[in-house]
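Look at the two complexes coming up: subunit A is in both, with subunit B in one and subunit C in the other.
Showing the complex of A and B:
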């Protein structure tokens, strides 16, 4: 383990912690601009988090240890994932601990505890949110797995760093299978991060909410941690997409000079991705809950088609 | 543009044709179907031109142009005028629900891959891998005709099948002889006119384009 690999690991985690709110702020700013509203600037999420940390925690009488520990588990696992996905450099000591499948499972752990916490208090909203979240994730997870498996097939490995290495630093090949996988991944991305066709991130106290319903009872630093983890999740899904499907520019192992360029390109790619997410969000209306099976079915279909076209066409 | 890159672009086009075939299968609105059909024609046209470029066969450029003018511009335009005249806003319900149709579609793709695998192994042509996609497009068009009730969507399914056949001809034998292709193109055009006339008649007789209504034409025993 060299100083370079430890350094890039630390850089990644710091970047995740402190750039994720800025990315969320960027997405909100672009969205406001596109819809002709005034915007609070990309630093607003930082101010929100600071405000929430300063507030008092109010717990329901019947809150068990699950409810109290969930924010820390969610936050911790999210940071752990940030150490696994190679978005700055492929030389990560953490990355050896988990491949793509384990990564999806880590996301599932976050969801599992959030859903449990939603039901723990016993309010109707929390249970409703948990049930919806689990329904949706049971459909989104296979699509997500199929989409990343398509890339694994192309790279002959399920290890993320290896996938990034093969696609980003190997010979450029136009792969039709990846085009399908990208489309499927974007649909899963919108689902998992609770964006518009599936869930509306801006609503609070509406009957259609999913993620917000589960965390409705949280307050103070607990809410701050969960909100922060939510922003990091948006950031992570975005960088995961970038690492898998557009890894050009990510620093190779033993190339400290590449880090700066890698960082610059990452900011650029994230900025573009933010605009794309906003375009999708502004262009689509929120779907009815019962239409979501069709939406996620399509994502699964696209991912499967990607896999098939790998065998047929490549 | 190097040959291997051209072949890669060709397989991307094949993938896009497959994608539009699935899009046709799941799209509910007729206007969306017509747009998708036009896109499929465009990808077909590009793919044919690329095969023509790789093999150096110039008649493929002519069939590519024919595809562009008929399937991308003329037929969608005729269909568009038709639905404007008949004032069709949205489609009636599909017979099989959409997720199930997609599953059947995936099964059909696997089936056609399996079916064309021996041919692909024997063939030495650059386009051999796209044959499975072509066959799948034909089958998906057929599936669309089976699962839809509305006359106009059935016609679009039929035209998508024809796209698949054309694609199969390009990928299996580098295109049919010019005379055949011209004949097919003209036939399609005539067919589109005849369909138009039929639609008007069906619409005036039944006040709907739902083909289930035609069961009324049966004599009662």
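Showing the complex of A and C:
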């Protein structure tokens, strides 16, 4: 373990913590521009988080330890994931502890506790949100696994750093399997991060909410942590997609000088990805809830096709 | 003598007596014996007339007893049937079993006036809450409006649905968005809605009682505050009612200016609704674009009439603000600009498949139900009913400039959006015609308070639909009773019926496509 690898690990986690709100701010800014509005700038999410930390926590009388500890678990696990996904450098000591399957399971832990917390208070909305979230996740997780498996087939490994290394620094091959996988991944990305056309992050309508319904009862620092973790999740899914499908420019191991270029390229890629997300969000209405099965079924099918095409063509 | 009148006289014979108090004179008022009140309703039902409103008036200071009224209509024919419930036995036979829509009217009469509809299947309080003493009847003359009510323990029997996997979702009265308060209780099975029950009354302000303490002129201001988004139509309707009682005819120009304001109100609110419906399915682009257009309309209102929502511009006898020639030019230019932008937005609405997928076949309100419940306005027109008071009772300038009514057959959210789109286009056309042909002259006539014991009835097609006012003068020429019937009182029933079989997350967009007034219903 070198100073470089530890340094890139720390850099990654700091980036995740402090750049994630800016990415959310960027997405919102672009979205506002698309709708013909002005926006408070990409720093607004930071102000929101600061404001929420300053507010007192109001707890329901029947809130159990699950409800109280969920924000910390969610936040902690999200930061942990940031140490596993290589998005600045492939030389991450931490990444050896978990491969891509473990990664999907870590996301599942977040969801598990959020759903439990949603039901913990016993309001109708929380339970409704939890039930919807679990329905969706049971469809999204297989699609996500299939998509990343397709990539791991190409790299002959389920280790994320190895996968990224092979695609980013190996010989450039046009892989039709990845084209299918990237489409499936985008669909899962929109689902997991609760964007339109799956969920509407800006809605005030309790009856239509999925993710928001589960966290309706949170306030103060609890809400701040959950919101922050939500922004990190958006960031993580975006950089995961970038790392797997478009990793070119990411710093190789033992290449400290590459870090700067890697960072610069990441910012550029994220900016473009943000615009793509917004284009999808602005051009589409939210799907009817039961259409989601078709949507995620399509994602699963695409990922499976990707896998098949790997065996047939590559 | 219109067809309804004829039929009722033929059915009841000598028992039906025509009274001469009601203005305008083309709406007959028939007094029937109390026992035959539901017989009259049955006759009307056989004639396929719709129930426009049912209400009670405390007439203890006039002829004595409580007047029970029901207004029926079929096509252009209107008829008011009255019976009298004596003070020592304030009861009357229910008409709920003939007209489903009457059940809320009668619950309200029972709660607020203390007259009992005998044989009614549902006597739970309505508008009045269960924590008020049961014998507190605010609309009675003996009730002092300054009374502080003691709170009593009470219970409201909700409709229940039971069974494996059935659960209940209570929503409101306080909602997450900035909207009015109302409680909705869903019984759902998974995501499918089995039943929805509404509970309204959270914005009850005692408006009908308040009218009785105000002068005729101040009443117009209060009417303008019944429902903030419909201020023009409500004050216009109130003024029409009292003007017909006082036999005061506003100058032609005033009537035209009122119509101009009405159409502008219609455009502004329809725009807001179309945007809000899109926002509820997360298509925010149209929401913001429609709101920009709406804002431009109300800004022009401010520029030309000094009030964004045209509040308090209509008074008994006429209007308080005139439109100069520059104002007419300004408005014509605005309409030109507006039409262009609006049509662009409609193309976007029409071409977006994901949007269409959400609004089509969502919240279908069938024509039979719309007819049975007597719904009016956009809701009725989106379900295939050709109802528009501007055509059924044309008043100037609608007798010359005739609106084309948009009727859609589908009855879903999409149909309700298209009725609104067509009405905006139509309103723009009407506005242009009115502006080109605006007569010259005075804008206000002198208003002389009406004679004692006269009563007046008026209908105005507000943007939600047909608004009705019935105003009765007391012995000393004061307001004895002012009954307000916003279209919401009928259309809220429609929402409950249109939601069956839909899924829970589709409720908000259904509700938005109805967009009924809480304030206008709760009064």
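Everything that follows uses one rule, which is that the second predicted complex is superposed on the first by the 312 of 314 C-alpha atoms of A that agree within 3 Å, B and C clash if a C-alpha of one lies under 4 Å from a C-alpha of the other, contacts with A are read in each partner's own complex, and residues count from 1 in each chain.
Just so it is clear, a residue touches a chain if its C-beta (ideal position, glycine included) is under 8 Å from a C-beta of that chain, and two chains touch if they have at least 3 such contacts.
Remember, predicted model here, so these are calculated numbers, not experimental data.
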Clash or fit, subunit B versus subunit C on superposed subunit A: fit
First (subunit B), second (subunit C), both or neither touched by A:37: second
First (subunit B), second (subunit C), both or neither touched by A:177: first
Which of subunit B and subunit C A:257 touches, first, second, both or neither: neither
Which superposed partner A:286 touches (first subunit B, second subunit C, both, neither): second
Per-residue contact with subunit A, leading partner among subunit C and subunit B: C
Touching partner for A:294 - first (subunit B), second (subunit C), both, neither: first
First, second, both or neither for A:3, with subunit B first and subunit C second: neither
First, second, both or neither for A:202, with subunit B first and subunit C second: second
Subunit A-centred angle between subunit C and subunit B, computed on Cα centres after superposition, in steps of 10 °: 80
Minimum Cα separation, subunit C to subunit B, after superposition on A (Å): 9
Doubly contacted residues of subunit A, that is, touched by subunit B and again by subunit C: none
List of subunit A residues in touch with subunit B within their complex: 173-177, 179-180, 293-294, 297-298, 301-302, 304-305, 308-309, 311-314
In the complex with subunit C, residue positions of subunit A that touch it: 34-37, 124-125, 128, 196-197, 200, 202-208, 282-291
Parts of subunit C lying in touch with subunit A, wherever the complex brings them together: 167-171, 175-177, 191, 278, 280-285, 288-289, 292, 352, 354-355, 357-358, 362, 503-508
Residues of subunit B that touch subunit A when the two form their complex: 5, 8-9, 11-12, 14-16, 18-19, 22, 26, 98-99, 102, 105-106, 109-110, 113, 129-130, 132-133
